[in-house]
Amino acid sequence: MEINGVTIDNTYAEAFPTWICRIIITAVTQEWAFKAATEATGFATSAIGCPCEAGIENEFIPGNETPDGRPGVSILICASKKKLKEQVVERLAECVLTAPTTAVFNGIQNAEEKIPVKLHFFGDGYEYQKEVGGRKCWVIPIMNGEYIGEEEFGMVKGVAGGNFFVMGENQMAALMGAKAASDTIAKVKGVITSFPGGIVASGSKVGSLKYKFMVASTNEKYCPTLREKVPDSKVPAGIKAIYEIVIDGLDEKSVAEAMATGIKAACKVPGVKFISAGNFGGTLGPFKIELHKVL
Amino acid sequence: MEINGVTIDNTYAEAFPTWICRIIITAVTQEWAFKAATEATGFATSAIGCPCEAGIENEFIPGNETPDGRPGVSILICASKKKLKEQVVERLAECVLTAPTTAVFNGIQNAEEKIPVKLHFFGDGYEYQKEVGGRKCWVIPIMNGEYIGEEEFGMVKGVAGGNFFVMGENQMAALMGAKAASDTIAKVKGVITSFPGGIVASGSKVGSLKYKFMVASTNEKYCPTLREKVPDSKVPAGIKAIYEIVIDGLDEKSVAEAMATGIKAACKVPGVKFISAGNFGGTLGPFKIELHKVL
Amino acid sequence: MEINGVTIDNTYAEAFPTWICRIIITAVTQEWAFKAATEATGFATSAIGCPCEAGIENEFIPGNETPDGRPGVSILICASKKKLKEQVVERLAECVLTAPTTAVFNGIQNAEEKIPVKLHFFGDGYEYQKEVGGRKCWVIPIMNGEYIGEEEFGMVKGVAGGNFFVMGENQMAALMGAKAASDTIAKVKGVITSFPGGIVASGSKVGSLKYKFMVASTNEKYCPTLREKVPDSKVPAGIKAIYEIVIDGLDEKSVAEAMATGIKAACKVPGVKFISAGNFGGTLGPFKIELHKVL
Amino acid sequence: MEINGVTIDNTYAEAFPTWICRIIITAVTQEWAFKAATEATGFATSAIGCPCEAGIENEFIPGNETPDGRPGVSILICASKKKLKEQVVERLAECVLTAPTTAVFNGIQNAEEKIPVKLHFFGDGYEYQKEVGGRKCWVIPIMNGEYIGEEEFGMVKGVAGGNFFVMGENQMAALMGAKAASDTIAKVKGVITSFPGGIVASGSKVGSLKYKFMVASTNEKYCPTLREKVPDSKVPAGIKAIYEIVIDGLDEKSVAEAMATGIKAACKVPGVKFISAGNFGGTLGPFKIELHKVL
């Protein structure tokens, strides 16, 4: 299969279940909502070494879609059930409650499972309850005025690790292709790309052949500089750089849509030559998102 | 004391020792160095609930100040000695090694104490050593080409918790005053402001009067909405919002310089009325940075 | 009438007809389309002293709404019929054709009147025709490869000078209110705000009382510092700063929608106290957009 | 000559005299100074079709280098003597006086020739004089408070058209090389790059071979797609895209420094293969800036 002259590999992305919270952060202007959300979703690229995976999902301007009518963004935080509660509490407490003019709302109202996030104890008895946009919130007196927040957040089983590879005839072509893809995916609802700029430069394999103490190591089969050195390299001829776009989302459909729109965007960038996806032979993840099907 | 009609309180900021690593991240362009640095310094506002405090310190464009001559930024990571090593390793491994086109260098070459960060095991035996700009680096084959990094990072005892309060006649005046301060401090060498946008909206006190299980709670004496409700409010008459700028730095001199330049910037913003600073009566921190002295 | 505690004046914005071109600029990534569009719409705040009024209307990411499927933005250029042709030609030739990776398409296909923009002569005979997304385009060989562009642009009679005033208890409150409004209007289709950041700090009246050679001068009735000095000041009590949001759009409906959404956004910002609009007693412009009706 | 494996052509940039004004724009925060400056320097890429050439030269944060101590930027406006006065007046009146919180100061105090810019008539008699930072300024009451500005601007004979070509093995490599160059040049004092993003995609030659009415047309000798079609192509083998960086500056030394730092930055980007410069055989411009000399 080809799009715009770019070969699309006949393969699939293998993805995994993850628990996800969706949190709406509003502020006085778009800028301040983004600042809070950026801090709250940092150090959250991969569950391997970070305490969670997180990213900005959607932006709300004009504010008529947010409970308090202000501009805002939604973020997704993804982790195991146990870690998710701790991460939502800490990230809201340290990175959003501390940020200028913010308020926080539950982004999945109809979820069956919920996480309690009792930030109102921070109010030391001066806090009180108030309804905002039909939501039961706590108001906490703070230095810049009053922080407003819901304290129950829906949690759903979503999909982590949706992915595709952007391969280029050189590094800058691959990078700009990956950037075009990541910009586009930023507009898809229900998904995030948790890595810096939405792009992974160093895809990994499980474990290590040489160093037994490593839980993950470079995926040598996809390293262009090792193409002639490893026996079974998967780097196509003429490919000098590969970036992986990794997508987490609320459901398989959103992740598939993000993959499709991202791949199409990458294929518009000159010098992008090949698109593939990462999987483990289908042995690990229950989700198999086939490139040829979603496109 | 007054600057530009703004009253400067005759008080001091009380600050504490912290261990700090300084890391130089370079990339193909300024944009990509910032993306990596932003991810690597996220979820790092306060040591109370985050695993460390971190932020972007300085930018290097043109790249003639970086070991590889490319554009870059330096970041500071601040924590206890034990936590610092773990945080530097994880943040470099998950947020910088994974980011497009990055390289990483030690930002404090003459430090007596050093942290080893052995990312080269990620190369699974394909890694090799190379000198870059006179630094001994490891080159790790990855999907986008080769990652280059030093693996020993100087660690020094610095200063955490330098601070001042920007008080405004209303919230937007205080916010813009704090923003002007934080923009300015971003240009001071040797310091970071770890909170979202460099600004704290919800300063805290140690512990809680009402909830014994809380390690920190709202500093009700500085809450404008509680001015008439708490007996010993420190909110001056006419003040409707307060932001705190918290500064960590490599030494007391840099923190003091950042405080001075930040305060002067805030005092230029119309509606900013009062500047103060936070301390614990001098009982906790060894550093006392007096506002009237630094200005 | 009040919104969120902010008084909405019972008045109307008086607006005028203008000729408008809508141009779609695409590029390899969103960033490069914006850079070209920003340059092409600069020096274009007010028809009084600038050769036209212009601004960015809409963004297209993902690119599936653009003729070539790439990310892009649309801009509006507004002027008299005669000046419009000249301005479209010069701005496309100097600011878009010269920008990296751009292509240009007609943004109003069903317009009755059209402007010819014969950039293909720049190709000096090496240019050729090609269909892109069903559009008849010229391809011009240039240094970075090939520029692609349509050469006929629809021109419609639109509306210039839609407006409202954001009045604040101090300057920073008014500024942030105006910013919230302008951010929101940026998402409304069919309109632009041509002033810097979408905001006017120095509204004017026609002519001058004192200097006969001036075609426009400060609107002293709306100057807060002159409130006690001019006999018939329109500055409400307690107002210290006023910003005007000026909106040009393809039709009255779009302009009215932009006014409504912008006013609602401004009213969410603390310290914004009063909203009004500018008119000339209804003697000049055929469009009267009443605040109470659109809200 | 080679830098980092990139061939540097043994040639020179041919540049021309131009009159230049340097204007310092300050505002409440860096953001608002940039917004005003961006509008004021738009539609100003090339003197061929734009009324002037203009760009942002330098930023001042902290504000201790500006007359009013606020953050700011300086811009350069370049044109013939006659046009320069008109352009400075119109761009300040329409794009800076209208922008939130701005003040304006003369950026070349010791110039022998000066342009009068009498914006104070806009005050309609309510304006008054005031000294700010040792400068004689006019204060004009406007809607957002008071605009402050000097009204005499130094004008010097500078250099326009300093340039170099970044040639890449494909378009994205050349673009990122040009971007790295332009980012770097943005930090050099005394210079601007007036084109979108600082980069020219469509270099031109004087006149046209085929269309006698054209004053400029594509420089076919530097068009990669015409390499096999024109007899004397200057596109080196293997080059698929060329970007030109055009630099205007206050003197030859600044322009030469910008060229040197920009070329070095471009040579760090993988896929950049060749650097050259544009000239007219030395017959037109008095300045010949040789690549091998400046590097």
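Order of writing sets the chain letters: A, B, C and D. Residues in each chain are counted from 1.
In this section, a residue touches a chain if its C-beta (ideal position, glycine included) is under 8 Å from a C-beta of that chain, and two chains touch if they have at least 3 such contacts.
Being a predicted model, the structure only gives us computed values, none of them experimental.
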More contacts between chains, B-D or B-C: B-D
Chain whose Cα centroid lies at the greatest distance from that of chain B: C
Distance from the mean Cα position of chain C to that of chain B, given in whole angstrom: 39
Inter-centroid spacing, chain B versus chain A (mean Cα positions, whole Å): 25
Centroid spacing, where centroids are CA-atom means, of chain B and chain D in whole angstrom: 35
For chain D, residues that touch 2 or more chains besides their own: 28, 145, 171-172, 175-176, 269-270
Complex contacts: residues of chain B adjacent to chain A: 28, 32, 35-36, 38-46, 48-51, 90-91, 93-102, 121-126, 140-147, 165, 171-172, 174-175, 178, 195-197, 199-204, 208-211, 213-214, 216-220, 222-226, 229, 240-244
Residues of chain D defined as touching chain A within the complex: 168-173, 175-176, 269-271
Interfacial residue positions of chain A with respect to chain C in the complex: 28-30, 61-64, 68-71, 145, 176, 179-180, 183-184, 186-187, 261, 264-265, 268-270
